[in-house]
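Pasting the structures here.
You will see chain A twice below: alongside chain B first, and alongside chain C after that.
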Partner chain A sequence: MNKDTNTYSAAGEVGSVLESRSTFTRLKIELNKAPLTAKFGIFIIIVFVGLAIFAPLIAPYGEAEVFPEPYAPWSANHIFGTDQIGRDIFSRLIFGARNTVGVAFATTILAFLIGGALGLAAAINRSYLDLFLSRTVDVLMAIPQLIFALVLLSIFGSTIINLIIIIAVLDSTRVFRLTRAVSLNVVVMDYVEVAKLRGENISWVMRKEILPNILPPLIAEFGLRFCFVFLSIAALSFLGVGIQPPTADWGSMVRENASLIQFAQYDLKAAMTPLLPAAAIALLTVAVNFVVDWFLHKTSGIKDEK
Partner chain B sequence: MHPVVKTVLERLGLGLATLFFVSIIIFSAIEMLPGDFGQAILGQAALPETVAAFRQELGLDKPAYIRYFDWALGAIQGDLGTSFSGRNASGADRSAEVVDKIAPRLWNTLFLASMAALIAVPLSLILGILTALYRNSFFDRSVNTATLTTISFPEFFVAYILILFFASLNQIFPSLANVDPDTNFGERIYRTALPAFTLTLVIVAHMMRMTRAAIINLLASPYIQMAKLSGASQTEIILKHALPNAWAPIATVIAFNLAYLVVGVVVVEVVFVYPGVGQLMVDAVRTRDIPVVQGCALIFAVTYILLNLIADIIGIVTNPRLLHPK
Partner chain C sequence: MKNKKDNTTLLQIKDLKIEGFSDERWHKIIKGVNLELKRGEVLGLIGESGAGKSTLGLAAMGYTQPGCRITGGQINFDGVDLTKRTDSEKRKYWGNRMTYVAQSAAASFNPAHRLINQTTESTIRAGLKKQNEAFDEARALYDALNLPNPETIGERYPHQVSGGQLQRIMTAMAMSPNPDLIVFDEPTTALDVTTQVEVLAAMRDIVKTYGTAAIYITHDLSVVAQMADRIKVLRYGEEVEEAMTRKMLKSPKEDYTKSLWSVRSIQKPEKKSKDIILEVKNVDAFYGSFHVLKNINIKLPLGRTVALVGESGSGKSTVARVITGLLEPKIGSVKFKNRELPPSLKGRTKDQLQKIQMIYQMADVAMNPKQTVYDIISRPASFFAGLTGANLRKRVIELLEQIDLDESFIDRYPSELSGGQKQRICIARALAANPEVVICDEVTSALDQIVQEGILKLLGRLQKDLNLSYIFITHDIATVKAISDEVVVMNEGEVVEQGLKSEIFSPPHPEYTELLLSSVPEMDPDWLTDLLKARNY
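Entry: the complex of A and B
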């Protein structure tokens, strides 16, 4: 092929290889076009993930390190003071990012594995399996999730593993419904039929034929479900039946320091302490919602009614 | 049979079936306990005879289905069993009936929930309809942003912000909503004001957005366009054409959010130390007092199912297509 730029030949241009943009460049272009709210959301998520991963390096003190002065005021040594038994609030906030967000993330993944697999299976095998799973999900969803979680936690006890499994199973009902609904449209496609006739087994059909086609709504749902799971776990920890001390966790931190709020007239800074972990929860949820909003907008092509 | 009656009966049957399955799930809570829980509740020092007597009292020597019917029949007659707390190793039994624990608190919870609903439902319907009518105006966009933010806030965050501003910095309302049966009505409203506001803020956002979406959906349908083209006034379109078809979605929205109130009330009661069923349930979960947990869960689940059922039925009864069959 002629690469000489001084001469022009039509054959040369037609023959030259079109270089497609790399995934990274495309991502950069998309990001530049993203609305301010989405950029803000992505920034917050990156900060939180960074805090979660590098918590021991960033935090000035240990997660359960106890100092002599409980309820110390905000100072240079303890940026946000200390809690009821003298642990550094700032350090616990940073470790809380790791524990609270980590547990919520693991729960959401598990919920998607259970709900997604069963939803796909029900959509492909539309016989007794579908009927049985759909009716079971109907009944499970007839009980308010927080109440159901409380009942199960009272039976099995509040450990982190139990918490993850219980919330994941309860939340997988929603994932099941969505996966089943979106894959029903794909299952009837010819290429799925062809794959079945070719003799591929159900796992292949699920992973290679259907999953790639239902991914966008599932990814958006992942963000929304993460918010929901995150808020449920925070609520349960706040109620004292979720993540247990001494593990630093935002929900229980709010509860432990709540009494400080009574002293707002004397020391406003100290009174803000219980609001910090709550604000962290709210900030992350808002950020994820912004990003999901933008993603839905991009993938669905739906424009707001104008 | 009239199609409306038929559909309503169908829904009632479905609701009863759901109730049946839900009660089985809640009942089996005690079934899933580890085998030695009698020992765990009575303490390590309990004699084998005491444990055996306790197991017999719970009826664990009978098959599960017989115990289910005993429990379900009892629950229908208002007998939810006996609490686990107050028992000890010597066999002395100072435990209380679950019903006696729940009954006074149920009234408190209902009071709080209905107070929140009375403020939230009209407010969100008006906001929803206004934002739908003036959509994409500055008013619409600011209300939307505000509600999107409050949806993402955990209930306890909203509650503590309210406490900070209205109870701590400016002492307008009490931060603890401690009421007892002797508290008179006005005082009761004053003390439950902050919890009720918290619940209102939490559900108004959902309810308003759903109402807005339902109305916008409706206003975009061809028959509304037709009415507009035929020269009907704005009020006429809303009242005569849109509303008859909007009752079903609006009823669903309200019931959905009242059901959501059932869950929100648990957290809010704990924040404000309000003596309601939610707080009782959380305490029971912490001490693993299963009969109390079961009783509370049953009440919450029944309320939730009933509200959804009522929404369904309102949707059917007001559906013009079903009311005037061809």
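Entry: the complex of A and C
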């Protein structure tokens, strides 16, 4: 290289230097670009979370407060009427958000802790441990989940703790499979080999090298899993082995007032009462799915053709 | 098919501007380039990565990748301005009058269809030929491209042929509709030198025979010298200069072009050394039942560089895996400072791990994309030397300065670095452990020529300053000349030849070394012709 052209310096080399932005501004840009469905989903989720957190402040009456008139019609005092023993439906809907969503959230987190940790360990090990875990998961997945949960709940009793643990364990099988599959793509990367050559222990490799790189699909799965867990709990409550009375819960509220639907030809409003908790379940599920879809689209790296 | 060559202009690009969208902004990729191509002419486009070669090559077909847009200029193909045509109109040209040969043939074929169906797909779909006719012509093309068993090779699936064969079949696919224009986008970059020669020869012949105009995109000057009639040099989306191949090679005008030309000329005088720091002794290794290494003996002198040379599949990288302990040898051992190392990674002490570090070919995947430069470099320093807090930060900055970068890089993520900078960070990470032996596995082969030179110079300087010993794995002979003291030639898991650089590169050579050395393209446009003559093709 002669003198005139010797302007090359490593630091001056053009890289694709991104403008440095704080996480907050990046988030703001992303949110502005988000499709309407995602914005709607985020809005609904925020409203539901707000209801769950501030339930005692928002609800006009207590969770298990009984009024003299059962099956009261919709009125100014009881916006959505009262149920079979005279509890305010509107208040119970709000408390239901806290119970159902809270239990579903705790269950999903537990499922991810179990499934995620075992999935990562299996992917790194790729040997006997992997074989053992994968076949165990296959066995668990071969049994229909709802029936399995019903059996286990009737054996161990339907307390909230049992409910959370049983559904979390059953659901962690799906999380295990996903985590293991996406980790396998990362485990073969050179930087994981670098860490192994350095003599790092398995926990470091899991937490620092692999986990950050498989987070996007896991977060998307978290959203979907949350919906399924939420629906499972509602279904179990509807069958009577889920969240037990007097705790308000959307699933059991549907069941308790289900008979009202027969009166649709006489009183349309009363007939809609059992549909309200069902609608709440549907709304939240749809909202979460909107957000997850948007997130998946973002992380899949598909560029919109313009 | 008749020869289409005459002296009329086929493609004319005028003042073309293309922008790409990233990080919330439109960036200029091509900043007003003119290009003219006559029928039957081959134009070489060269430049570093990011110069806009591929974008321009695709634009010649009127196509832009998703996220890119044409903002100005004209692309006149046979009198039609492609910038003004809709996609459905352009589709009548694509795969028919203009075709494309991609870099990675393996990734471009559909694994579920037979090769001959893929070769003739666009021809038949466009209604140019009947199936029988197209198949017959495809077989004729296979024959012309020197493929083995041209009558039956088309019945195979992509995984049943080698990479070099696949690349030639892709050329056949591009030739099948008898197009006016073929765009070759780095078609031989992923191939070994010995395979590359065959593919280049086949592609050149077929383009000449049918008089097809071609745009040949590459970053390898010596390759473009064999292929192109004219060469255009690009940088930062602008034309640097353009001239006929011979003229360009003999007397490049611009300084930038000259600098590209001179990169291959660095040479290092070899030095001997008596002290052996690392020794691979009688090693036999297996992948399952596959015998990858057969009785390998390699000695690494202290403070020197031993280059391991060979094609892919020759076992070079496996030697590195045995030395680092990732693969246990069946027989034999690795000695470090005259003491045997435990065969597997788990048996080695922290101290032993620290002394041997490795640098990888693809800096992209050798760094965790979610860690900053500081995380990446500081971890070995804190892990091995136990540095913390301000001392650790000081050490990281010191390391960054050693590799000609500075403190401003400390918070960047790998995606915010250029290829050369990434490789430098990987070097810094290796240095952070205070190693005595560094294994460099094809560290420069993914980089542009100018950047390669910078990295090689850096490695040379670090060797002098820190008295490091390198095992340098490469398939590039120019790199070997630039960095090594001793050379080990490997083929099919065996050491063919081993000795000082001067001994290896001066004749007489064993047969394989001869083949390897003669296959390295030279900057002489007659090199390929002469070589083929000598080999009696």
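Here is the rule we go by: the second predicted complex is superposed on the first by the 282 of 306 C-alpha atoms of A that agree within 3 Å, B and C clash if a C-alpha of one lies under 4 Å from a C-alpha of the other, contacts with A are read in each partner's own complex, and residues count from 1 in each chain.
FYI, a contact is a pair of C-beta atoms (placed from the backbone, for glycine too) under 8 Å apart; a residue touches a chain by one contact, two chains touch by 3 or more.
All figures in this text were calculated on a predicted structure; none of them were measured in a lab.
S.K.: In the superposed arrangement, which partner chain does A:S127 touch: chain B (first), chain C (second), both, or neither?
M.R.: Once the two structures are laid over each other on A, A:S127 reaches no partner at all.
S.K.: In the superposed arrangement, which partner chain does A:T23 touch: chain B (first), chain C (second), both, or neither?
M.R.: It touches nothing on chain B or chain C.
S.K.: Contact-wise, after the overlay, does A:E193 reach chain B, chain C, both or neither (first, second, both, neither)?
M.R.: Touch partner of A:E193: chain C, not chain B.
S.K.: Pick one for A:N201: touches chain B only (first), chain C only (second), both, or neither.
M.R.: Neither partner.
S.K.: Applying the document's definition of touching, compare chain B and chain C: which contacts more of chain A?
M.R.: On the superposition, B touches more of the residues of chain A.
S.K.: Using the touch definition from the top, say if A:Q145 reaches chain B (first), chain C (second), both or neither.
M.R.: In the superposition, A:Q145 contacts chain B only.
S.K.: Could you tell me if A:E209 is touching chain B, chain C, both of them or neither one (first, second, both, neither)?
M.R.: A:E209: touches chain C, not chain B.
S.K.: Using the touch definition from the top, say if A:A234 reaches chain B (first), chain C (second), both or neither.
M.R.: Touch partner of A:A234: chain B, not chain C.
S.K.: Is A:N32 touching anything from chain B or chain C once the two structures are fitted on A? First, second, both or neither.
M.R.: Neither partner.
S.K.: Show which residues of chain A both chain B and chain C reach, each in its own complex.
M.R.: Residues 304-306 of chain A touch both chain B and chain C.
S.K.: Which residues, counting only chain A, touch chain C once they are in their complex?
M.R.: 1-2, 4-6, 8-11, 13-20, 29, 189-191, 193-194, 196-200, 208-209, 212-213, 303-306
S.K.: Using the touch rule from the top, collect the residues of chain A that touch chain B in their complex.
M.R.: Interface residues on the chain A side: 138-140, 142-148, 150-157, 227, 231, 234-235, 238-241, 251, 254-255, 258, 261-265, 268, 271-272, 274-275, 278-279, 281-282, 285-286, 289, 304-306.
S.K.: Would you mind writing out the residues of chain C in touch with chain A in their complex?
M.R.: 21-24, 50, 66-67, 69, 236, 255-256, 258-259, 262-263, 324-326, 345, 348, 350, 353, 357-358, 360, 362, 365-371, 379-380, 383-384, 403-406, 408-409, 411-412, 415-418, 420-421, 424, 429, 433, 450-451, 453-454, 458
S.K.: Tell me, which parts of chain B touch chain A in their complex?
M.R.: 18, 21-22, 25-26, 29, 32-33, 135-136, 148-149, 151-157, 160-161, 163-164, 168-169, 175, 216, 220, 259, 262-263, 266-267, 270-271, 281-282, 284-286, 288-290, 293-294, 296-297, 300-301, 304-305, 308
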